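Okay, handing you the structure first.
Chain IDs A, B, C, D and E follow the sequence of writing; residue 1 opens each chain.
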Amino acid sequence: MTRKIDPMLISRRRILTAMLASTALAATGFAPMVARAQDSAEPQTGGKLRLVAPYGSALQSLDPHATYESQDMAVSKAFHRSLYVWDSASNSVVPDLAAEVEQSEDGKTFTYRLHDNIYFHNGRQVTADDVIWSFTRILSPGSSFSGIPNLSGIVGARDFLDGNADQIEGLKQIDDLSFSITFDGFVEPGYLLFDAVTSILPKEAVDGGDFLSNPVGCGPFVFAEHIEGSRISGTKFDKYYKQGKPYADEIEFTITDDYSALDLAFRAGELDATVLGESAYVLYTQDPELSKGLIEIAEMFTRHMGMNLEVEPFGDVRVRQAINYAIDRDIIIEKLLKNKAFKAVGWLPTPSSGFDPDRAPYPFDPEKAKALLDEAGLSDGFEFEAWVTDSTSSLGVLQAMTPYLAAVGITATPKVVEAGVLVDAINSGEATAWFRSNGTGPDPISALRSFDSRQPRSKNRAAYNDPAFDAMLDEALGTTDPDKRLALIRQADGHIFEQAPVWFHNYNKAVLATQPWVHGVDGNVTEAAIIEVDSVWLDENAPSR
Amino acid sequence: MSEPILDVRDLSVSLVGSGPPIGAVDRVNLTIGRGEVFGLVGESGCGKSLCALAIAGLLRQPMQVTGGQIMLGATDLATIPQRQMRRMRGDDVSMIFQEPMTALNPLMTVGDQIGEMFVLHRGLSRRAARKKAIEALDQVRVSSPERRINAYPHQLSGGMRQRVMIAIALACDPKLLIADEPTTALDVTIQAEIVELVLELCRAKGTAVMMISHDLGLVARICNRVAVMYAGQIVEERASAEIFNHPSHPYTRGLVDALPRLGRRLERGQRRLTEIAGVVPALHEFPEGCRFAARCPRVTSECTAASVPVTQLDGGGIVRCLHHV
Amino acid sequence: MLQLLLRRLAQAALTVFIVISLVFVLFSVIPGTFTSSLQADKRDVSQDVIERLEDELGLNDPLPVRFANYVTDLAQGDLGVSYATRRPVSDMLSGRIWASFKLACAAIFFAVCVGLPLGFIAAIRQGSWIDTAAMTFAVSGLSIPGFWAGLLLMYLFSLKLHLLPTFGYGSGGLSHLILPAITLGIAPMALLARTTRAAVLETLNADFIRTARSKGMSERRLVTRHLARNAFVLVLTTIGLQFGSMLGGSVVIEKLFAWPGVGSLLIDSVGLRDIPAVQGAILVIVLFFLLINTLVDLAYLVVDPRIRYN
Amino acid sequence: MKAGPNLYIGGGIILLVALLAIFAPLIAPYHPVTSANLMYAEEPPSMQFWLGTDEQGRDIFSRIAYGARISLFIGLAVQVMNTAIGVSLGLSAGYFGGWWDEFVQGLTGLMLSIPTIVFALALMAILGPGLPSLLIALGMTDWAYSCRISRAQVLTQKSLNYVQSARIIGFGPLHVMFRELLPNIAGPLIVVATMGVGSAIIAEASLSFLGLGVIPPNPSWGGMLSSAREQLMIAPWVAVFPGLALFVTVLGFNLLGDGLRDLLDPHGRTRR
Amino acid sequence: MSDTLLHRSASQDAEALLSVKGLKVHYPVRQGWRGRSLAVRAVDGVDLSLRAGQCLGLVGESGCGKSTIAQAILGLVPATSGHIRVDGHDITGGRRADPMQLARSAQMVFQDPMSSLNPRQTIREILAGPLRLHGMGNRDERDARVQEMLRLVGMKPDAASRRPDEFSGGQRQRLCIARALILNPKLVICDEPVSALDVSIRAQIINLLLELKDELGIALLLISHDLGVVEHMSDRIAVMYLGRIVEEGGWREIFTDPAHPYTRALISAIPDPLHRDQAPERLRGEIPSPLNPPPGCAFHPRCPVAMDRCSAGANPEFTTIGPDHRGRCHLIESELQDA
């Protein structure tokens, strides 16, 4: 089967469109996201985009291969490009640097042809060599780049990584602009190659020595300045391969994780777009002016309370279901999270292709919960310790849950630790229960591997052991018929939902606030803060013009 | 006595706080002639230093002059405006204090501190003032004054510092020098030198000296006239030889007898000293009537009845006692 | 003077060694490692990558070996490479030191310019309403938590009055500096006002001031020539201590204002267990303190002859 | 020895806060933790909730009342620890002198050169969040000031004759230090310690701000403040009232310290 | 040191309550950073002896080392070399003396009564504390002893329950004396006992000390710069200059026939109101630092009669002037030789 995709044919609309509204949101019962009225005007050039990197108070690395932090990836988009890109309009991965992609008959080899007008910021054209060099760099022996798992499915990658091969067998250059990648098994390469961790980088700049403080890529903006812990800025790249883009002359990201400060700055007009916390969301929705610029996004993250199934009584499915019945999630989402969340009805989130819009959530039914606990022999209830971090979505939710759990006889006490400590405790099996948000997209099968008993503890954290479920995943992966595959995925997700190895809480609703003068901001469900900056433009009212 | 340079009439100093004023100095009269050396003797808390500070206009809250005149020549220092008092201070009246260790500004060279007097009162330039400061240091017999002028106070010994203080005080040839216990903090051998230096310089400049001390022996030796204060009042004032040899007030008598004076044991063979019984009353408990009554060997009922008037003595001088000798 | 500097140098070396050892030992016993902090993000980092990273960073070496390596490097002036950014710590610090230094200077400038005159006037007018007002102001300044004051200032000056930017470093200009500097300077300002008042009162009661009065000088001259300098000598230590501890004390304020200084690097690095970066940040904070206090000592050599000749 | 208005105002504030803390169960209309009810989340001040409710629907007044217990306890306990360490070291260093003095002075310099908040931060990172860690982290890091003061005081008092007398009479060092010297240097130390309670409360709030304070449901003012600051815009009462409580209490301790200084330390040996 | 003197002092020692021999107290002083370690020779070879019931006056200007001797005797500063015997117990040498034993042998009265009493304790605590420490008597006996001492120093019984700040300077000095005597010591050192007191009170305290000395048979070591006080109280007098004794003898000899120029200068510096015209013998300059004493006779830079040989060679040795009178001066040597 040969598929030809021309990415330029897909209209790249600035905001997310009907794609999510159709199924996902209808199922959750919430209003579809509010977006600014369609911009009918022609994009204007000029101005300075002032965006945010809102998840941490510093960037970890300017080397896109070396970091997997959302914080860094939001910034990477301005300077770097990968073979694929997430397309918010179609809610799928589409080729970016690649002009054409061909899939071989056996489905394991993909042949790419790059656009012929892509240049690095240093002026050199991007060729097939650069792609091969970039991937080879990631897989080089002894390295620890974040993209290794993405590329380790390429034929010969393991051997090369372990130092047993001189080159990666599955990577082949065809001509200056063409190359092919061969994988071990069936994969959807778009899911693997769209993240910044597989960016295409210029060898000479990376080896040049100061790449970490002066990154060079082929993205829409040329790196200008990085003030650590404060901001990073770039200027328009004139030889950017997409004609007429980017629209803005300059770009600047404010780096902070302080939402209250971001909120203040946005209201003061110092930012063109920002990500909102719960409180600000309430306020912005109530404000007639501010609410106009809100973009709500169902992100592909699933918040849950994980349980260590090796610790009694969590091994008993009835106990786990009881917990899911016992808690009134609607009110937690409404009051505590200020409706900035979508109630979870499975592991796979609303924007995921595997999301089942017909599945019914666990209702709030304390009687049923009590009955299940009675069945499990826990009429007197039980106690457990939940490991949390000091945040609203973790400790805050636990506190809100506590009265409901108490009502069915369960006593939950918080153990507050730092995020890193929490992960250690989970991975070592020390934690009995924990609060966490997991990435559950964009590849649904990969997301469901979190309950694959053959995965290490660091992946299958609940220690869920269900061969039937494992088989479902394998079958889905081996199925080429998309509809059948989708059905299998939904079945597996439904199975997990029923088995309830976690307390299903919500899918994160990320909210972007944009200023009235900002146009073309999309809603990226993989990470709201990752904005396709080459499409954003500022009208004449922008203060930065 | 020559024409009076200082004439203090009924000077009262009180502690003025939140309550009623507490009298610390009670209607003191003093007259000092031109070039005279006058001694004011008393124990701690008797008000002698307050008198001195009042005359120099240096009383600080909560102490205030609450009555009387302080005539320096034709000027009443008690009533003149601050500005005028400031001009006269240092120029016409100057002071030496007890503690040479702390009385000098630790951050300024002694030259600057002496020279400041000429800048303030003679309007000299810094340069000229410096030259005059060297002369002044030379006058107080500091060796190699050109070098010492650049010294800071902490580099000098106590005696040296007191010399600098004297140089400052006498820099503008004042009419009156008030020396408040100038030698108490110094070693015996240095004391004698300093006292002599003060007297010699003042004699040369025609400056009158008001010497304040607790040491009756010292004062009697160097002064023309001596006034003895007790509990805020002058109890006796006479020529110094008289007061020491023939004290009239029982307190003065007691002081002379109680003094472990050199040679007394040799002369009289007695080892025991004559005591004054009791303790000095504190400021807020000055008694009615004669303030010495409680300790006086000659006390009678009249003494405590009403305040005791001053009596003029035949051979000159005054005494405040109903039973004086 | 040379002696003083040499002694200070020896002292600094010792202090630094103790601090470094302390931090190293502490961070090796605390729960959580750099690699576990990496997985704290909601995206799963694969175990494979984690293990490779641990190898690459030498995190699996025994503690004494790591410590020895670190100290050896440090002795050669090498602060090591940050686990998180993989960049030399010295590079990371160089930009941040300037930001922190600027903030500290602005804050101490504010504290001195407001605190000194306030305390001075309060002392000169002791007991008056000015004194009461100034001291009430000062004691309030001491009582308000910095981050709270910062939030209120942000709310007022940025959001309500639109006078100043809320936070961030901007392009390094003055407007971004004002709010964090004032916030950071409030407590030292209050402290200085109180210290100055006490120092001036103490000096006013000194014998040499009485001597100066007896010389017959004007109040103005008394204040400028005799009072101010002597009182300042008493306050200088406080200024030095406040200034010196500002780099560390600004941790919270830097965090609040997203100020890219050493303090926020420290906080982040502690969270990440990025030991080389933590060490580097603490090193800078401690050295700055020692440097400022040495400068204060040198300043004493200039202003106070008693010390000059001892 | 005159008690000024500072003493009465400061003492009055502290007394009120102490009463609030002691009688919290009687005064507070709701339980500070278990009264959480999301139905009432972020209610503005009303007759039902005098100071409004927080994001979990808990009564802020009740939490402030119970929080007074934690904040006062932290402030006092931390200051007791700091004073005990500082005074023991300072007293012995000043009294014995020699290498011990040099050692203690070095240690003090070290403690001074690392800001308290950084030290506490490191300790908190090691011990993990929570009340005991907080007490250790703050209680062991801010003693340099009382150490310096007690040492300086001992140096001036040591040469006083009553100390010499005690030695001549044959009293041992412990007696001389703690029975003779300590009562006589207690004045300035009490002043410093009183004000230190205020700074300890602020330090706790700052650590909470950095996410290292008292474990939340338990109401500490600093914790309430730091979790409420994001709600400053939508529910200002959640942040304003704990902040006010904190400010007024710290102010109370500072005023009390000032008042005690006027009373106990008229020479101003504790300039601060 | 001449043989006769050695002989005499040896015989005296047998009955002496206090015997100090060749006492040196040097303090190390570091000059600068890693600078040379210099010694302040606060006391540099002093011999003293004192019998029960006797009062020895130790005279000199500030910094001459007289207070250091007192501290050494009381075991407050270690002796660099030499021997001190108090009441038959050697308190120098290898092992430190038992401080409790020493406390019962020697006590001290200080100059400043204001700072000598712990302001935080009642008089009863101050007086009974030593008794309790030394395990003397039960509570009632101790109270009785406190009352006895108060009576002895002329204080009212109700003083016991009051605090020091309720008393005047003279009364405090009485209380200090009571504390010094409460352990029944054989030796009491009085360091400028009256110089901080009001003139009218001085006589009271001097008389009290003299009475107690006679009544209790204690030995007094009187340290003072006030020759008037010393003349009145002392049986024997030692004059110190820069860490050494320069003249020593009975009070009558010292005051009628002072041999050393320094002693003469001290005496003549006292203002005598009865002899106003007599010019005092003035000394030049100031006391040199004990860190860097002048070569030869330490007094020579200030001596009005210094000769060439005074500035050269060693410090002069003692010359015997009378049966109980000796001095260290080249002039005395030559005068005696001439005679």
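Assume a residue touches a chain if its C-beta (ideal position, glycine included) is under 8 Å from a C-beta of that chain, and two chains touch if they have at least 3 such contacts.
A quick map from chain label to UniProt name: A = ABC transporter substrate-binding protein; B = ABC transporter ATP-binding protein; C = Glutathione transport system permease protein GsiC; D = ABC transporter permease; E = Glutathione import ATP-binding protein GsiA.
No experiment lies behind these values; they were computed from the predicted model shown.
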Chain-contact steps, minimal, separating chain D (ABC transporter permease) from chain B: 2
Between D-E and A-D, the pair with more C-beta contacts: A-D
Chain at maximum distance from chain E, centres defined as averaged CA atoms: A
Chain centre separation in whole Å, for chain C relative to chain B (CA means): 53
Whole-Å separation of chain centres (CA-atom averages), chain B against chain E: 32
Computed distance of Cα centres, chain C from chain A, in Å: 39
Separation of chain A from chain B, taking each centre as the mean of its C-alpha atoms, in whole Å: 91
Per-residue overlap in chain B, given as positions that touch at least 2 other chains: none
Of all residues in chain A, the ones touching two or more other chains: 260, 417-418, 421
Where chain D (ABC transporter permease) touches two or more other chains at once, by residue number: 125, 128, 229, 232
Contacting residues of chain E [partner chain D (ABC transporter permease), same complex]: 74, 76, 99-100, 102-104, 106-108, 110-112, 115-121, 129-130, 133-134, 176, 179, 183
Touching residues on chain B, where the partner in the complex is chain E: 43-44, 157, 159-160, 187-193, 195-196, 214-218, 220-222, 240-241, 244-245, 251, 254-255, 257-266, 271-277, 279-280, 295
Footprint of chain C on chain B - complex, ascending: 56, 58, 86-91, 94-95, 97, 99, 102-109, 116-117, 120-121, 152, 154-155, 165, 168-169
Chain E to chain B touching residues, read off their complex: 61-62, 168, 170-171, 198-204, 206-207, 210, 225-229, 231-233, 251-252, 255-256, 265-274, 276, 280, 282-283, 286-287
Chain A contact footprint on chain D (ABC transporter permease) (complex, rising order): 34, 36-39, 41-42, 55-57, 125, 128-130, 211, 215-217, 227, 229-235
